[in-house]
């Protein structure tokens, strides 16, 4: 009898854990459902190719916002990829030194800083001195957010590289720099690229750091020194507006964002799986 | 000894007569045609033997021969591994532990296990030994619990060393003490059978000797089955020895006979160190 | 080697840059909030008056709102997140593991603006319905008082909870992976049920699990967009779940570009500074907890009686 009570408790526990999966699925399904249903309505070619219409007029698109997001993420990647990879290389190559520990700590800290605080920081250093919102400032803000993701992944991947590979290169007379850049890093390049992809997907969806760096722009612009539109800020502006047409466009923008994130996640998984298969399952 | 054909590997399990020692006592564990599969791979092939109560039975054999896998089938520990299959029967006091409706939790109380590397919980010494008593609700009062804990620690020859520091963390003990703690923990629930998977392989010679002495003392009250790769240990400690090779039971007999006059050539090769 | 020295210096410089960046953020925040710090001192944190017109700035409502919403989210999300982590790592059949992990990753990757959008147009109406149908006797309690607007603390707590579930569960799963199998098997061998064996594993991992929960808390503290779209943006200190309130991140997002005058701006930035410091501390503490879990415990030699060797 006593044992049955324990078994019952155990079964209830298993049930509860399974239920929590369902509980988490509910909002996911809801969000996807609404985003797809509402967003698909406003999604047409014009959405991608046209500029926003003046307030009150129906129709129009988010061309400037799409171009803006592309530009912002491009600027961010330009800044973050080299810095992130090099920082990751340092931490793994000189693991154990004080600086390496400090860099690791800094990367972890940076990862946890709220994105709006990063926005304030970039405002202080890139907007205030020039009295101007700019795409460049937005790119810097997003870039700062990408650095820790790339650095951490690079470090972890490099640590998995067997020392035999490095020793092989050194034994052939390569300098440390040569060994790292010509043999070790290339061997983990797919993993780094995946990390970059995921980091890009993450910052493409950020809104808060852009609010007072890149700000927004009703017009088409590719000037890094000028404020620029972005899909996320545009969705935000439309969402809190009173116009139903703008609400629909906000859903459409959200649909594009979610689809982009979904594709990037899937692509990252496929690449990782393929790399593992080629390696025989072990990095 | 009857003349045997000169093949290096018997093509079937030994005769049933060899699996039942001449004492005529009802076996504690009766294994019948046991085969075990990890997925599609067969790890045990048609094992049949009978383990007698209140003696020490040793399983020996080269690494990968299946002795640990076989040990774990005796308390259904392999159930935690996914994608396994069991054929045949394992009778504990006449009942098949793989039968339908068998309560595995209760089985594991009756057939306890000590692992190769000691695995104390990150709790106090007292709480480690009390764990099995608590979850199985075996005691009714604090004093009864404390009494059982003391009894188990005495049985494991650890009481004198830890009686003044029962509340300290078990992880602060030395390797040999931790292993004796795990033995005490297993004994606390008063199992019928104690399975020991290479219990001293991670210990120094002096600690090993203490464990072996303990095993000798314990067999009066328990039935002990021990897996060991150390043949001298098997020879010292056990009454019956079973030799395994590539998932099959090659020979099972009294320990002194296995080591001085084995019937199978393969057994002889192994115990004389020609391979393994 | 000469070449190696340049290599180390060059890459090291990038590392130093990263460390300097983090320090610079702190420094810049202090610099840009100096006017406010000097003007209000510690009273900034106990005053409720947020009045840009008269130049009086008190940040208590925002701290209250941030803590309330984050704690609420934590209470709602933690059991679900731990349940998911346990299910995926201990209970799920092997073929289900990958898809489930992918699903939680997807939840984590959804941009917060999309959560906010869903929050405004789907969740808030639902919450309003819930509030409208709350029985009167419940309404009398301060926890449920106020008009049923839909926007408010409850909506914010719910959205935040959904957002931190995947994050906390991913970290918890990583923590559970490091529990040695021998701990669970030891429990099973003593006749433990599934639940009891998992409980033993959870006990082993307890500091790491707490660290995972704290990381989720840190994430909730800094969340901006989703919260600002559903919380009602009203700087009041209220116990009620139905009342529209305000968080630190939300007020910065909403009022930053409208801030007239340096004092106003500096007051907002001071809020950002505190947000920075608080999340720093929470994240630091949680990483310390998770890290400490993996260290081997201190092995003191237990003094045996002199006649016996250490055995």
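Letters A, B and C mark the chains as written, and numbering starts fresh at 1 in each.
The rule we apply is simple: a contact is a pair of C-beta atoms (placed from the backbone, for glycine too) under 8 Å apart; a residue touches a chain by one contact, two chains touch by 3 or more.
Model, not experiment: these values are computed from the prediction.
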Worksheet, complete the sentence: Take chain C away and keep the rest in place; grouping is one piece
Worksheet entry | Pair of chains joined by more contacts [C-beta pairs], A-B or B-C | B-C
Worksheet, complete the sentence: If chain centres are mean C-alpha positions, then the most distant from chain C is chain B
Worksheet item: Looking at mean CA positions, which chain is nearest the middle of everything shown?
Response: C
Practice prompt. State, to the nearest whole Å, the distance from the C-alpha centre of chain A to the C-alpha centre of chain C.
Written response: 19
Item to complete: Averaging only over C-alpha atoms, locate the centres of chain B and chain C and give their separation in whole Å.
Response: 48
Item to complete: Could you put a whole-Å number on the gap between the CA centroids of chain A and chain B?
Response: 54
Response to the item:
Multi-chain contacts in chain C, i.e. residues touching at least two other chains, fall at 193, 196
Discussion item. Going by the contact rule already set, what residues in chain A reach two or more other chains?
Written reply: 6-7
Discussion item. Counting only residues that touch at least two other chains, what does the list for chain B look like?
Written reply: 105-106, 135
Worksheet entry | Touching residues (chain side chain A, partner chain C) in the complex | 6-7, 9-10, 13-14, 16-21, 23-25, 27-28, 30-31, 34-35, 38, 83, 86-87, 89-91, 93-94, 99-100, 102-103, 106-110, 112-118, 120-121, 123-125, 128, 144, 147, 151, 175-178, 180, 201-202, 204-208, 211-212, 215, 232, 235-236, 239-240, 247, 250-251, 254, 257-258, 261-262, 264-265, 269
Fill in: Touching residues (chain side chain B, partner chain A) in the complex
103, 105-106, 135, 137
Discussion item. Can you tell me which positions in chain C touch chain B when the two form their complex?
Written reply: 93-94, 180, 182-193, 196, 200, 203-204, 297-302, 304-305, 308-311
Worksheet entry | Residues on chain A engaged by chain B in the complex (per definition of touch) | 2-3, 6-7
Worksheet, complete the sentence: Residue positions on chain B within touch of chain C in the complex are 75, 77, 80, 82-83, 105-109, 112-113, 115, 117, 119-123, 131-132, 135-136, 160-162, 165, 168-169, 171-174, 176-177, 182, 185-186, 189, 203-204, 206-207, 210
